[in-house]
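Order of writing sets the labels: A, B, C and D. Residues in every chain begin at 1.
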Amino acid sequence: MRVGDVAIGGRKVVMMAGPCSVESPDQLLATARAVQEAGAVILRGGAFKPRTSPYSFRGLKEDGLRMLADVKRETGMPIVTEAMDTRHLDAVCAHADMIQIGSRNMQNYTLLEEVGRLRKPILLKRGLSATVEEFLFAAEYVASGGNDKIVLCERGIRTFETSTRNTLDLSAVPVLKKLSHLPVIVDPSHGTGIWWLVPLLARAAVAVGADGLLVEVHAEPGKALSDGDQSLRPDKFAAMMADLRPVALATGREI
Amino acid sequence: MRVGDVAIGGRKVVMMAGPCSVESPDQLLATARAVQEAGAVILRGGAFKPRTSPYSFRGLKEDGLRMLADVKRETGMPIVTEAMDTRHLDAVCAHADMIQIGSRNMQNYTLLEEVGRLRKPILLKRGLSATVEEFLFAAEYVASGGNDKIVLCERGIRTFETSTRNTLDLSAVPVLKKLSHLPVIVDPSHGTGIWWLVPLLARAAVAVGADGLLVEVHAEPGKALSDGDQSLRPDKFAAMMADLRPVALATGREI
Amino acid sequence: MRVGDVAIGGRKVVMMAGPCSVESPDQLLATARAVQEAGAVILRGGAFKPRTSPYSFRGLKEDGLRMLADVKRETGMPIVTEAMDTRHLDAVCAHADMIQIGSRNMQNYTLLEEVGRLRKPILLKRGLSATVEEFLFAAEYVASGGNDKIVLCERGIRTFETSTRNTLDLSAVPVLKKLSHLPVIVDPSHGTGIWWLVPLLARAAVAVGADGLLVEVHAEPGKALSDGDQSLRPDKFAAMMADLRPVALATGREI
Amino acid sequence: MRVGDVAIGGRKVVMMAGPCSVESPDQLLATARAVQEAGAVILRGGAFKPRTSPYSFRGLKEDGLRMLADVKRETGMPIVTEAMDTRHLDAVCAHADMIQIGSRNMQNYTLLEEVGRLRKPILLKRGLSATVEEFLFAAEYVASGGNDKIVLCERGIRTFETSTRNTLDLSAVPVLKKLSHLPVIVDPSHGTGIWWLVPLLARAAVAVGADGLLVEVHAEPGKALSDGDQSLRPDKFAAMMADLRPVALATGREI
């Protein structure tokens, strides 16, 4: 499967990185350049943001999509961004190379059916309390529409433990790979919710066989409009990349 | 708050009952008459059905809505039925007296925003792994759009226990009532997943202070197209109603 | 089954109440008299206290047992108190009419085997994350030693929800009663962790068919050495008892 | 900290391996030699076995301890084995170099206090639903008695997911190391419950920074008296060791 020029599911572990939310053209471009230089090959950035409270920042919407398109032109990086609603799908499709279906929408079946009619790659995130079986059924909703370009993303499940935001279920990676033919990536940012844990769990994700990572990066996490606690500064991201390369090689992969 | 002629949130415990899925005009009418005779005052029935597998029966859709409208004309019972997508909302609104937002869509924020613009009562079901706080934030999405006709529904949460389909969290009922001004009802059918448990947990729900119950009834549960295991036969539903009346009285309520 | 003069598992819902911890002779006697007057028939009180932190108050131990024995002589109430260790069993047996095995020890198999050799009633509390099946296997450890005087106690399970201390699983009550011949009681104090929820969940527990309740009562909850947040003042306990009687009658029981 | 000659908590990732249960002298010696040859430095083997059902095989008890002592003499490998009860502690201490406190006993406080009085290393396994905070408080029970030779073991927590036996919480490893000064090891056998997942999660555990691994090995898993499904055959264990070495090196460790 290809997202732009990038192959997913092969020997190479695919790094997707960028800010949780697109906040401004400058923020996005600077972050994109930093993560690209460190080795990321796909740019993530949220324009439509699902937020628990209606009073939180909910994304720049169409403006955010345009900024993503601009930065793609500048950097050449393919874009992955979330679609939350069937009505936004045309706008998101116009700019994105890969469409993310977020955890809260993993069982939004009308949305799954709609993206099943597209021929764009879909990044499907596991629901907060979805079993592996339900996760694969959600993928089946997409596939049964004819779109088999699906990447599964483990991003932590809800448990009783509160010292991390979610409990990253790394066992799910090989289980999903055994039960399906789909690439499986890991989001250690949401999976832990704590920036200093991200590089360590990223290492574990590579070691367990993940086909890619999705990582949140922000130049000034303390000022981020969303998810600052789990965002890496660009220098920490670069250090993490350096740290991951030998682990990938040790398991017969590359980054 | 009123749904048709029915007041919710007062002294009277409101019984909503009917089949999980609308399957045929005859099935729906017969079930409606049976539950009405036994004391149910609102008819439930699914036309758009969210199902874990895309290969399961997913509802009669617009045809199901029309059957609900016909049975409403025959019986006078107001209708509650689920909307799964912003695009179906006009059709659902045309026929339903109360719009159900299902568990899987509790954090489908664009859908919440859309129903927030309506002036119809909304039955908002708790997500499978939603905290009480997240549940109230979902209600806030609806209310912040101007629609404060919201009924909350506890329907079981996901835990490690597998002897029941979900774990019915009856403590949430008084907690939700304390933290908000909204009526709170209980769905013991989904909450347990097992028909013979439904009347016992219904009794507990009334005792804990629920403002209503949502119960699945099917004439032949073994042949139901969805959720047969948790559906009561009409005679069992009538027996349950008889059983609930003294419990309601014992707690200063009526059914 | 009888605990002293009190039959458990019959028409009568058995009220067990008292302080979380035995703190002093005066505290215990005053509480015992208050709960007895309100209708409690078994006195609970902890002498050996399992506590998460080693630096918390861990009970008066043998002194606490002696205070329980003294108050039993004064009031005639049978005593239920916890044994945490095989080595304390002789001392606990000398004074208690019923021996509690706490949640943390539900799978302390050597302790279960030892109390299986006794002929005293055992109050076995469900482990924090024990399935119904594991709970019944724990009872089987006791029964296989020859002691079939076992009362099961649902006391809340650990879930993701944090608005209550635990999630009280009232569905487990009828499930346990169907799968075994044993009486099942409910502890709404630990089940909720919040005093004002206790009377409401007690009502639900009676409605669902519990054979008894275990409730924590303290004259001055703000000064309790353990579990003050979930303890009822004696007047609230008496009000709860008055509230429960019609619910019990409405379900064919008595208190 | 040292167990026999083996340092734990340094640069070297310590491999502990052996059968779930000691079954016979021949089984134990053959397994010990195989895992030793592959690089394991501590021998695990259960003599006292906590089992959910009283009718399962519950270990060879004192006979098992003697077999462990014999194999230690033959191979020179230090022994780690579980103590379930204060009364067995003398016997276990006589033969074991490190005493395991199992998950079910993580909050068996009298047992924790007793091993706190010893000067032997303690392997403390996380309870099935213990938070990181409760786990550290359990360690504090041991330490407050004067025994600070404690190794923590993450072995999977109970969640809603059923495709694995437990959910291995690898994030807990760096969290525990940050909050305490104690070595942290991982048990991928119990953490997954599935033999073919063990080498992959072992790799992730090393990558996340575990100080050691505890792995179940059996010559004929299909005939094992306990936990056969999660036991590796000796050849698979050797292959896993070969696989782990470059991952350890890639993260600045050795095996």
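The rule is simple: contacts are C-beta pairs under 8 Å (C-beta built on N, C-alpha and C of every residue); 3 or more make two chains touch, one makes a residue touch a chain.
Values in this document were obtained by computation on a predicted structure and should not be read as measured data.
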Per the touch definition, the chains contacting both subunit C and subunit D are A, B
Please identify the chain with the largest separation between its CA centroid and the CA centroid of subunit B. D
Nearest whole angstrom, what separates the Cα centre of subunit A from the Cα centre of subunit C? 48
Between the Cα centroids of subunit A and subunit B the separation in whole angstrom comes to 35
Mind pulling the subunit C residues that touch 2 or more other chains? 129, 158-160, 162
Please output the residues of subunit A touching subunit D within their complex, sorted ascending. 129, 131-133, 157, 159-164, 167-175, 191-192, 196-197, 200-201, 203-209, 246-247, 249-251
Within their complex, subunit B touches subunit D through residues 129, 158-160, 162
As the complex stands, subunit A meets subunit B at residues 50-55, 58, 84-88, 104-105, 107-111, 113, 128-129, 134, 137, 140-141, 144, 158
